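Labels for the chains are A, B and C, by order of writing; each one numbers its residues from 1.
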Amino acid sequence: MTSKYKEKIGAIIIYLTLLVVALFCLVPFFFLLISSLRPGVEMIQNGISFQIDFSALNLKNYWLLVEGKDGIYPLWYINSVIITVAHTVFSLLFTSMVGYGLAIYNFKGKNLIFTIVLVVMMIPVEILILPLYKLAISIDLIDSYMGVILPFVVTPTCIFFFRQYAMSLPRELLDAGRIDGCGEFKIFFQIMMPLMLPAFGAMGILQAMSSWNSFVWPLIVLRSTDMLTLPIGLQSLITPYGNNYDLLFPGAVMSVIPIMILFIINQKAFISGLTVGGVKG
Amino acid sequence: MLEPPVVALNKSYNRLSKIKTLFACQKKAPYLFVLPFVVSFLVFFLYPIISTVIMSFQRIDGPESITFIGLKNYKNLINPHFFNALWVTTRYTFWTMLVLIPLPLLLAVFLNKKTTIGKKYFKSAFFMPALTSVIVAGLFFRLAFGEQETTLVNSILGVFGIKPMVWLQDPEGSMFAMVLLCTWRWLGVNIIYFLSGLQGIPVELYESASIDGANEIQQFWHITLPSLKPVIMYVLTISVYGGYSMFAESFALWSGPRSPGEIGMTIVNYLYQEGFNNNNLGFASAIGITLFVLVMIVNVIQLWVSGFFKKEGV
Amino acid sequence: MKKSLVLLLSLVLFLTMTVSGCGKEQRAADAKAGDGKATTLTFWTFQELHKNFIDDGVATWNTNHPDKPIVVKTEVYPYDEMHNKLLIAIQSGTGAPDMADIELGKFANFLKGSKPGLVEFNDVIEPVKDKLIMGRLENYAKSGKYYGLDYHVGAEVMYYNKEILDQAGINVNDIVTWDDYIAAGKKVVEKTGKPMTTLESMEKWSYYPLICMQGSDAMDKDGNVILDNAINVKTLQTLKDMLYKDKIAIITPGGHHHSEEYWAWMNKGNAASVWMPMWYMGRFVQYMPDLKNKIVIRPMPVFPGGKKSAGMGGTGTAITTQSKNIELAKQFLAEAKLSKEGSIKTWSLLGFDPIRSDAWSDPVMSAPNKYTDYFGTDIFITLKSVVGDIGSINVGPKFPDAMAQIEKNVIFKVLKEQSQSPEEALKVAADDVKAK
């Protein structure tokens, strides 16, 4: 009897903890959504608060998002989409190549390169922003999509993941491909890549997420108002001369939505993408 | 590891095009595969690092007035602002580790229990915040921690009869806000790390333990925790890395490196302020190099302790 | 199956490349837009309103000079980002616009080194020198060369909430010295329970003007740091006393007079006064609508032997040496900002106190607009009575640093945290600025 009783208490504690934490995680979304439906003036007066006049909620701010500031917000959205897609695609292509190369072949310098991959994985990019900025200026990458993408297209974390994944690829296929007269790259693209599809899914989503939300580097490399990505554009609405909450909140909500949809559609790939390295010893 | 057999067929050089041969050649192909990384490393990593090192010995007033000043930039690091930044960053890292390791571990254990229902929904809820950009999160937290009585946090405190607080002008209050912001965004990610670790623990271990009469808490201490050591080490590493390179959270809360009394000034914020706002490129480079060394030391120690070098066998 | 995958991948690659390519071309096309024969000038600013002012100036220019029409393409950036990007563009020798707004607090950063990346305005300033408040242009000068044209005088004034003072039975015009002000403050607190004023804990506007009005500064004329001199310490002590001894002031909600918390709070009529420069009028009109007709503008109280005002803040429009149309840009800016007509526009469009003194007596200035509707028609009477006292401040290379010290550390630690005494805080700050 006592053990049953104990179990019940345990279950209550577990669910209570889970519920409280879940509430903590979701409450900000609720307020972001509600705030996006309120006039920005109210935000200035009270901050984010429990006093909500539900009858005053309306979609006006979202309309402003399309029309306001000469339609700059849709432009930011397009910039973000282009940069995210291009970044993800190029990144997957290159890092899968590198990861595969490191896993399949034996060649001189392989260990050195792999060690470098591991080291670079552990360096915060923030240290490099100054020289990278100077470099970007000197090779004319400032204020362009390329400038945002190029320095971070070959992500070490992705390489690491693809390498781990490619280690488990069957070597027999490689030999069979060679006997059929396929070149090394043909083998990679036609035989191995399809086998690595789950890895592509996981890394693709991870890369898309980090690219969509990336802040530090785009903040520095982008210049013109019409080239900004969403996070930078939203940040630019916060000024010493009064924050534009009418645009900020609906803008923030809209920026979360696509990545949220992607997550809901493909939770599994998200999660396996994140467990890179976490499981290895 | 198996050495791939050399296939004679491939060696017929038809000279259709040089590129084709290059791509087909087994000896050169591996280098082509890793080429993107090598190029990217040289151009976007090694070169910038080297130029940072060089700049850290210079005083730069403009493209045409650069003077070599030796170690002066590093000597100038001995000032209260840098120490404050170091202290703020260290405290931040400490608190994020203290919260973001035990809490997600506990939640992961709860979620991993067979009897828990609604796991999928909890997991999604915990993970949602990780999908937002730091600017969106900062927007919410800045306003929720506003100083009026009506703001979210102050009105919650009001329920318990606590007076409203000026959070973002108080060292402890703002540290709390920063750590909470970080917790909100990264809790779900760490839960997933721990969950994947938990799923790797063989069920038999628990079964035999419960036959021996060990209760759940004992099982946690003697089986779960030791088995999760690699994951915990990994999360520890990324926490140190993330903590010391923190920039955007503070930037979002105070719209730039402008917290009062430098209560939210982290090392990278200091670097940004000196490099971009004050245009002391040389000095900022010295900050960057110092941070680099700091993070490397911490990482190497951590890897050493976890026996990483032995396993990977370079 | 495998083939289709490769096909799909290459298709995606191709698409993204063309799409990103498109983006670039689109922008290039945008930049070229406009009249074929008109010269395009680029202009960076951090203030949306300045864009409107420049646009208006362009319209005027094109009417007056049909032979050399111009198009100005303006980019409005956040404050920090604009200055950072401009600085690096100028340093790296590429990517700077033709013209840019540079805030006074940041200007010294652009004059470092032997050859500043900015163009001097001496030839357009000389002819009208006697009509300009030159002290305001000295702020943007180095070795006798003027590199920036300001928008306004930025005279420091007191904004009183007449309603509250009436309740306390105080006549605004009786407040002449700081002793009067403090005495009045005590009466206000006693009668209404509301503070006389608010003091910033995160920005410099409550403190810096007061030291300038007593002839002190952060640096002396030769650029030596005098941040911790007796006047500065005493003034800071006066402010601290207002908060904790006389109890006539409180720390500004939100930490500074540009925070939303403050605007919302002040709008409800919660404080009897605030001292800010003239350009702060715009914030009242925009963010504190409920105080309309309740606020009056009066000269600052004076310290014994001190001045009646000081020119505070400011933004210098500069031309970069990277511009391909330096001469044209200079003529345009001279017309837009230094001419009497242009100077009047800074009032009618921006609500600033014009930098040309002969503009003030112009009938246009007393014509009703949203500022006279809000504050009454005696704004320029107040301004005229104090302008003789406005000189320049000392902006050497250390100025940005000194201001950052005041804003981030001194004010906060003395007034808000009370963790340091005025002497200590100023000493630490002065040593810090000297060390750099």
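General observations
In this section, contacts are C-beta pairs under 8 Å (C-beta built on N, C-alpha and C of every residue); 3 or more make two chains touch, one makes a residue touch a chain.
As the structure is a computational prediction, the values presented were derived from the model and not from experiment.
Because contacts link each chain to all the remaining chains, their graph is best described as complete. The busiest chain interface, judged by C-beta pairs in contact, is A-B. We define each chain's centre as the mean of its Cα atoms; on that basis chain B and chain C are separated by 38 Å.
Per-chain CA centroids place chain A at a distance of 14 Å from chain B.
Within chain C, the positions touching two or more other chains are listed as 88, 92, 261, 264.
Residues of chain A found to touch two or more other chains are 43, 46-47, 134, 235, 238, 240.
Shared contact sites, meaning residues of chain B that touch two or more other chains, fall at 146, 148, 276.
In the complex of the two chains, the chain A residues touching chain C come out as 43-47, 78-79, 82, 85-86, 89-90, 93, 133-134, 137-138, 142-146, 189-191, 193-194, 219, 223-227, 235-236, 238-243. Looking at the complex, you find that chain C touches chain B at residues 80, 83-84, 87-88, 90-93, 109, 112-115, 117, 201-202, 253-255, 261, 264-265, 400-401, 404, 407-409, 412-413, 416-417, 428, 432, 435-436. Interface residues of chain A, counted against chain B in their complex, comprise 10-11, 14, 17-18, 21-22, 24-26, 28-29, 31-32, 35, 43, 46-51, 94-95, 97-98, 100-102, 104-107, 110-111, 113, 115-118, 120, 122-132, 134-135, 150-154, 156, 159, 171, 174-175, 178-179, 181, 183-185, 188, 209, 212-213, 215-216, 220, 230-231, 234-235, 238, 240, 248-249, 252, 255-256, 259-260, 263-264, 267, 270-271, 274-275, 277-281. Residues 60-65, 76, 79-81, 146-148, 168-169, 256, 258-262, 276-280 of chain B touch chain C in their complex.
Only residues 1-3, 5-6, 9, 12-13, 16-17, 19-20, 23-24, 27, 30, 46-48, 75-79, 81, 85, 88-89, 92, 94-95, 258, 260-261, 263-264, 286-287 of chain C touch chain A when the two sit together in their complex.
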